[in-house]
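Labels run A, B, C and D following the written order; every chain starts at residue 1.
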Amino acid sequence: MEGCDSMSDEIKQLPKLWTGDHYNEGIGRDDIFDKLREECGVFGVFNVPNACSLGYYGLHALQHRGEESAGMATVESATGKFSYHRNMGLVKEVFDQATLECLPGDRVIGHVRYSTAGESRLANAQPLLFKYRDGDLGVATNGNIVNAPSIRKELESQGSIFQTTSDTEVIAHLIARSNKDFVSAAKDALQRIIGGFAFLIMTNDKLLVASDPHGLRPLVMGRMGDGYVFASETCALDTVGAIYERDVQPGELLILDKDGLRVDRFERLERRATCAMEYIYFARPDSDINGINLHSARKRMGRQLALEAFIDADIVTGVPDSSISAAIGYAEQTGIPYELGLIKNKYTGRTFIQPSQELREKGVKMKLSAVRKVVEGKRVIMIDDSIVRGTTSLRIVNLLREAGATEVHVYITSPPFKNPCYYGINTPDRKELIASQKSVEEIRLAINADSLYFLSNEGFIEAVGGNDGKFNRGMCMACFDNDYPTPVDPNSEKSCSC
Amino acid sequence: MEGCDSMSDEIKQLPKLWTGDHYNEGIGRDDIFDKLREECGVFGVFNVPNACSLGYYGLHALQHRGEESAGMATVESATGKFSYHRNMGLVKEVFDQATLECLPGDRVIGHVRYSTAGESRLANAQPLLFKYRDGDLGVATNGNIVNAPSIRKELESQGSIFQTTSDTEVIAHLIARSNKDFVSAAKDALQRIIGGFAFLIMTNDKLLVASDPHGLRPLVMGRMGDGYVFASETCALDTVGAIYERDVQPGELLILDKDGLRVDRFERLERRATCAMEYIYFARPDSDINGINLHSARKRMGRQLALEAFIDADIVTGVPDSSISAAIGYAEQTGIPYELGLIKNKYTGRTFIQPSQELREKGVKMKLSAVRKVVEGKRVIMIDDSIVRGTTSLRIVNLLREAGATEVHVYITSPPFKNPCYYGINTPDRKELIASQKSVEEIRLAINADSLYFLSNEGFIEAVGGNDGKFNRGMCMACFDNDYPTPVDPNSEKSCSC
Amino acid sequence: MEGCDSMSDEIKQLPKLWTGDHYNEGIGRDDIFDKLREECGVFGVFNVPNACSLGYYGLHALQHRGEESAGMATVESATGKFSYHRNMGLVKEVFDQATLECLPGDRVIGHVRYSTAGESRLANAQPLLFKYRDGDLGVATNGNIVNAPSIRKELESQGSIFQTTSDTEVIAHLIARSNKDFVSAAKDALQRIIGGFAFLIMTNDKLLVASDPHGLRPLVMGRMGDGYVFASETCALDTVGAIYERDVQPGELLILDKDGLRVDRFERLERRATCAMEYIYFARPDSDINGINLHSARKRMGRQLALEAFIDADIVTGVPDSSISAAIGYAEQTGIPYELGLIKNKYTGRTFIQPSQELREKGVKMKLSAVRKVVEGKRVIMIDDSIVRGTTSLRIVNLLREAGATEVHVYITSPPFKNPCYYGINTPDRKELIASQKSVEEIRLAINADSLYFLSNEGFIEAVGGNDGKFNRGMCMACFDNDYPTPVDPNSEKSCSC
Amino acid sequence: MEGCDSMSDEIKQLPKLWTGDHYNEGIGRDDIFDKLREECGVFGVFNVPNACSLGYYGLHALQHRGEESAGMATVESATGKFSYHRNMGLVKEVFDQATLECLPGDRVIGHVRYSTAGESRLANAQPLLFKYRDGDLGVATNGNIVNAPSIRKELESQGSIFQTTSDTEVIAHLIARSNKDFVSAAKDALQRIIGGFAFLIMTNDKLLVASDPHGLRPLVMGRMGDGYVFASETCALDTVGAIYERDVQPGELLILDKDGLRVDRFERLERRATCAMEYIYFARPDSDINGINLHSARKRMGRQLALEAFIDADIVTGVPDSSISAAIGYAEQTGIPYELGLIKNKYTGRTFIQPSQELREKGVKMKLSAVRKVVEGKRVIMIDDSIVRGTTSLRIVNLLREAGATEVHVYITSPPFKNPCYYGINTPDRKELIASQKSVEEIRLAINADSLYFLSNEGFIEAVGGNDGKFNRGMCMACFDNDYPTPVDPNSEKSCSC
């Protein structure tokens, strides 16, 4: 992770605007991020009374997947009545007791999201809600539709109007324009779109759950009494007390209605290709993906690093929060003690006033600090999850040096990040990806490290799979190896549609 | 006016929900209103730098036409770039300095609105914004489209999806689905819709201004330097320092773009039929409609009442704020002194805690009080603008009696309100309109008055026209005489589409 | 009233700071006011269950006497337990249902206040609460203690510390330092202080109510079942349904405890001297002071103006809101029609963004507008209540002229305001009082009026007293005639201690 | 730490009240806490331009020492002018850019605090500000004055009034009542008070810094250019870029004015007795106290536990956040792998809606979850810092068991907590301290652990001192061994005066 620059992800004017529905294409923020960001998390409940309460806690558990807006739509199965509420802000800011009381029903679809550049728009907050021929339609998505621009163009040329810049709106149009019954229309629509996505689609009488044909974005199913719970990560199932049942399979379409659950497919499973960055950085360490616990996987990445490239040093430290597990693994493997060389201030958040340039030069450091007593006079191994532009890594290395570290060795728990993502990760242009432009030695110089090592592709796969040997490839590692599981248009917009 | 019951138009939970985008069809509020409500106000600027500042003050001047949400969309003519912001709340709550700074441009369309029953929805806040084939489309409307439900049904059957419950979305679909150029498409769309409406439609390069073929809803044009200002009422022109030029004519379509203003028509003028209630109650007393100042018109209504039905009494009082002008006119005509027998607490507003039933019984009176010293032992003539259900009138009469009035004579500055409005006024069902169900004598008994008099139709027309004699009919008085200027579907939803 | 400049009484940064307890002596605001301001209102309840609910509505009725902070302290008589809440803001902003539920008790003292220059301090918000030898002490005051600075100095020299800049803290120190029982200590303290004040003092077992020896500030008593209600104005009694009993008399000390009400005096009544400006401007028109209704008194002031100085004109208009009653009186007396020549925007308030200088020059007018249709081509008589610095009058006269008035005659319902107030009215220095520096003719020129007339002292007294003849002097008119009812120190701070 | 119950430290109504100054003695919260809480943090700056900016970041770094209110007072040394702002809330909520701009000066004293039972009072928020004979006086304290109640009683009997329930007000009275010069008066006052405290006292021309005679509460001094920075912990120095110079010594009085820094004493150093809980739990792991880094000290506590009581198990886990360091130390010493068996949701905070009892029973778990994949089928060593009532420990043990742990061994990094603190830690009554009432075996049963071990007193001292051997006793361990460094009144109120 490139955590230090996340300092910059606070835009001070933002909170003011957040209370409304604001749209100004000119506010770009790409340039101040040096951080990969998961774009969304989804959560759904079918057939559990007071579903919105579960939604509240479930979305809260997925908050790390999207801090900028939150929303829920509920349906009362007895009446088919829709209710919804969404807003900019954290789950706990968007919902309060009074709001939850306005969301009756035993079905819910919920969503948390980051906004992409220029679009801190309430209108884009999900679930998106539509009125169409057959009634109400709610959609919550995690991921990105690669061919959305061309479908959108086609729809516009046929007279469609769009109220959001979200590609998710495309799927609603495709369904509404079909002459078939709802489920068939949805299958047709899912077949037309290409990309990586997890969909929750709710109508007055049905809930549809779908994962893209490669399973790029995680999506799991749990049971709760007679009901079902769906979530981007298992941690949300644990939080609400649901029992994990299985991961939703690539190309699957689950249909839930008064007759219960029916498992269908809109596409045969091709190659499974779960996003590698979910294992490395995005998902919470207490979540499991495809049955693999992420804290354990990350510890194995740290151990694997030690096996591939041991270096003698006094202490091992991890960049918080994402690289703590890996750092502990490295320490366990090598016997070099794990120490708290870097610490994050947990109170920093959206409304925090960032230090001025002058104060920064004076040494005012907020989110992340190096602990002098721990690192002074020490040779430090610093474990991090990835390097995007390199600016954040440089900043952290320098923090450690200013605090007295005599050597700083940077060990990265993933291969070099060279290629942009088209499936829902907010990545900069290829030319800004330092690993795409420079050799490892050049990067080492750029980040002022004494040594730099990236985990090998094979070592990474081995570490994710763990010692049970059962895990074969099954990952999208296009950002490392340029092998995209779907056709992509290099000229198209990257990032996500949710 | 039935002001006292406006006590009830505070829904305490609302403010909480207002920060977000909430939708729950179940929250009806019709039953607690006994008050006619104008549904919207619109304001537009073309070719004035920093247009959103004018928009802020202009919408503020129109605040009485809609207190529940406010919004503005701006365009920079040089680039065609759209920006917008909208939210639930008063103009001064929705916009602050930082928000205005995010709305660059020399063109603006703005809107204030009340929400109709069950729809305190941010999504319905206007201007509505769409993306379509040719770029961005913003629409702000005051009024109602009578045939929107059938058009909407037709559009949905062709696969259109709707994100709002606002009929205004219909016009955007009609434009987007046309194969013609934008202005022709807009004319076609305006011809298809039936009702009473004032439209401001803005694209990346044009501003369109239109009034329905009968001019049911007011809309005026002013000049400001080289630019133009449009508003529902002249008071907004005065506030921003624009010079009134003329009322937009029924059936007119004004097209403003880089070539300046072009006057066109989408429909020939049929019978002009400006909403009578604008003269009686909705518009601000300092506004002019069709050249008639409303304070003066309302004073003439009071004088006319005196001419038609003089009664001896000790004092005349008006129900604030709307009937003060008429009460003064009645007093001037008769010589009976005008006194402040009823007073409104100006600080009461949305967030105010309403007295519990127990406190009401104890005599806790908020918004409106009768002034004992003024009315005690007096025969009081109470002037009001209309009677809807009668409950509010009863309450005010009783306030006066409890304060010691020996007689209370109720004089209404309009004919009996018997028929619902289909053109943008929020009216209850016909069976709840007391004048539709009861005779004048029965109403008198129901409101506990010593006498009751409604202005005659002819007297009302005479009073509006004033002594210049030039004013012929020109009003929609369907609520009094059942003569609707357009076809209406008695089964359709009433009220407004904005 | 000099209403137009009240435009300036919005300080845009204020709302931000209002959520906390802020103190910066440097923020002066005197220079931007051209308006006399009442400083405070008080409200008390003894022996009525759920007293804080009455307090809420009662303070709300007194909101015009202080818009910047509000507070209540309650006592449960059974236990003597104190609770309190106070904050910057309007009554409806400071209190909500949850807050009221935290204020149990059958006794309450409450307060609304304006802050004086430089002191938008939560710490100064009343009631002030203290812990002293005998328990809790709460104080709410309206008025000013002339000799507070010298008492404060003496107390500080004895080691007292002060947490507020409010002179009200003085009375608590005096009581706490006495060796006598509480009531005797309070009488001693009231005897030591000089000025104009209405006090509500509450301990764990008593409520004390006192009015200064001249009755400068109004204070009334009402009954409610077995309980008592006290308020600055009768309108608050009416609002909560209490029955007016009598005005608290100058020098009276009412003691309420488990034995009920006991009437005592701390000072014999000298000359009664109720503040004249209460009659002219401060109190609500539906209130009575010393049995005189203020709407009626103000109408008589308008009639008296007409008797003293008739001038022929086309219309009479009043500066809203305070001079409407007088304008109607003038119109009734002369037969010149009363018209709505000036209108105030009721939505303008604290958080409103004020027009920039550039926009003002463009003609953007907020709070007050002249109605062109009404005044164009007319000779206008403009009734106002007072002229302080003259700048506001000039602005309003110019508004009328720009709207086409051919002549503007300014008639003031009070004598020239020449001398500062030391008893709780926020007045500028004598040298800024235009009537203290200039002749009537010079003022006329300064405010650009065609003629200017101030009501005579005798005419004013006559008008207040009305035609019942029973009202003799009984007013403090020091601001007009320099005859202060108490010793004053011309070097001391003016304005108020609440 | 007893982290899980910190779930309960959210009181849902609180946020509403926080915007004002509320006081209700009846709202107790003791019963829902099972957590020791540091009461305050202080931060001061002398002679650094724009001192309030440093204050903002410095207080933010100390936020863990007090999350309920924050405040700063500044002085401009050139003029002696005071400014201040304080409110309920986090530092980032209390201050924004506009507020900071209202706090000019090169000197600041700042404070963060928790409120004790029943006193979520803005009035108690520090710094406390007073006006006294010689001008302004600001006081910020961390700690508790044991004999404050008796001094307060004495002061009240002499006529003093108190506006807060904070004992800190006592010191201001003592200073104000003295006849000596300010510094001598302050020394006298400091000599009279007994307890554990760190004081920052600021007047118009001086800053005083003092630590109690036993150095119970930490306080450090740093340099920044020509200026000085004082803070409860070194992490705040690091955050603002100040260079640590030394700890303020017990009994020291530092006087800073235009002549710079003068070191004085108000009391000779007796036995040094720094609060043991600072080492164990309160201070941030990246802070140093008396030159000892807390992460390192806590790791040594973990190692010491392993030395004293090794048990075979599959994994070691720490209760986040406070026991992570110790768990790593235990793992390093034993070779048993450290795993992330428990995880805390970082987004949970004050405004979070707590699960209802029904939802809790359904298994909805917020703040803390056990990671099934990590603990299932494992023998778990769970490291925690202390056990207060035992209820939280029971809850966490059960979380681990429900997640499949086959054995749960609880290891505590401190001796049994048996005695209440009188020096600024919010502890329950002795009879609620489980270790005061039960044997270790009884506690083990009560918390459902397979084994339970508390660090020995000697081992704890050894671990804090580390391997440098220089650290002798120097701690107050009264909560473990009942040996209080000052006289205490067992009947007096416990907890803190800040």
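The rule is short, and it goes like this: a residue touches a chain if its C-beta (ideal position, glycine included) is under 8 Å from a C-beta of that chain, and two chains touch if they have at least 3 such contacts.
The model shown is predicted, which means the values in this text are computed figures rather than measured ones.
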{"item": "If a chain touches chain A and chain B alike, it appears here", "value": "none"}
{"item": "Interface residue identity across copies chain C, chain D - same or different by half", "value": "same"}
{"item": "Magnitude of the superposing rotation for chain A and chain D (Cα, nearest 5°)", "value": "180"}
{"item": "Separation of mean Cα positions, chain C and chain B [Å, integer]", "value": "36"}
{"item": "For chain C paired with chain D, centre-to-centre distance based on mean C-alpha positions, whole Å", "value": "47"}
{"item": "Separation of chain A from chain C, taking each centre as the mean of its C-alpha atoms, in whole Å", "value": "59"}
{"item": "Touching two or more other chains - residue numbers and ranges from chain C", "value": "96"}
{"item": "Residue ranges of chain A in contact with chain D within the complex", "value": "12, 53-54, 56-57, 60-61, 63-64, 90-93, 95-97, 100, 224, 235, 238-241, 284-286, 288, 293, 295-296, 299, 321, 324-325, 328, 331-332, 337-340, 343, 345-349, 351-353, 355-356, 359, 362-366, 369, 371-374"}
{"item": "Residue ranges of chain D touching chain C (in the complex, touch as defined)", "value": "13, 16-17, 19-27, 71, 81-87, 94, 96, 98-99, 102-104, 122-123, 125, 128-133, 137, 156-163, 165, 172-173, 176-178"}
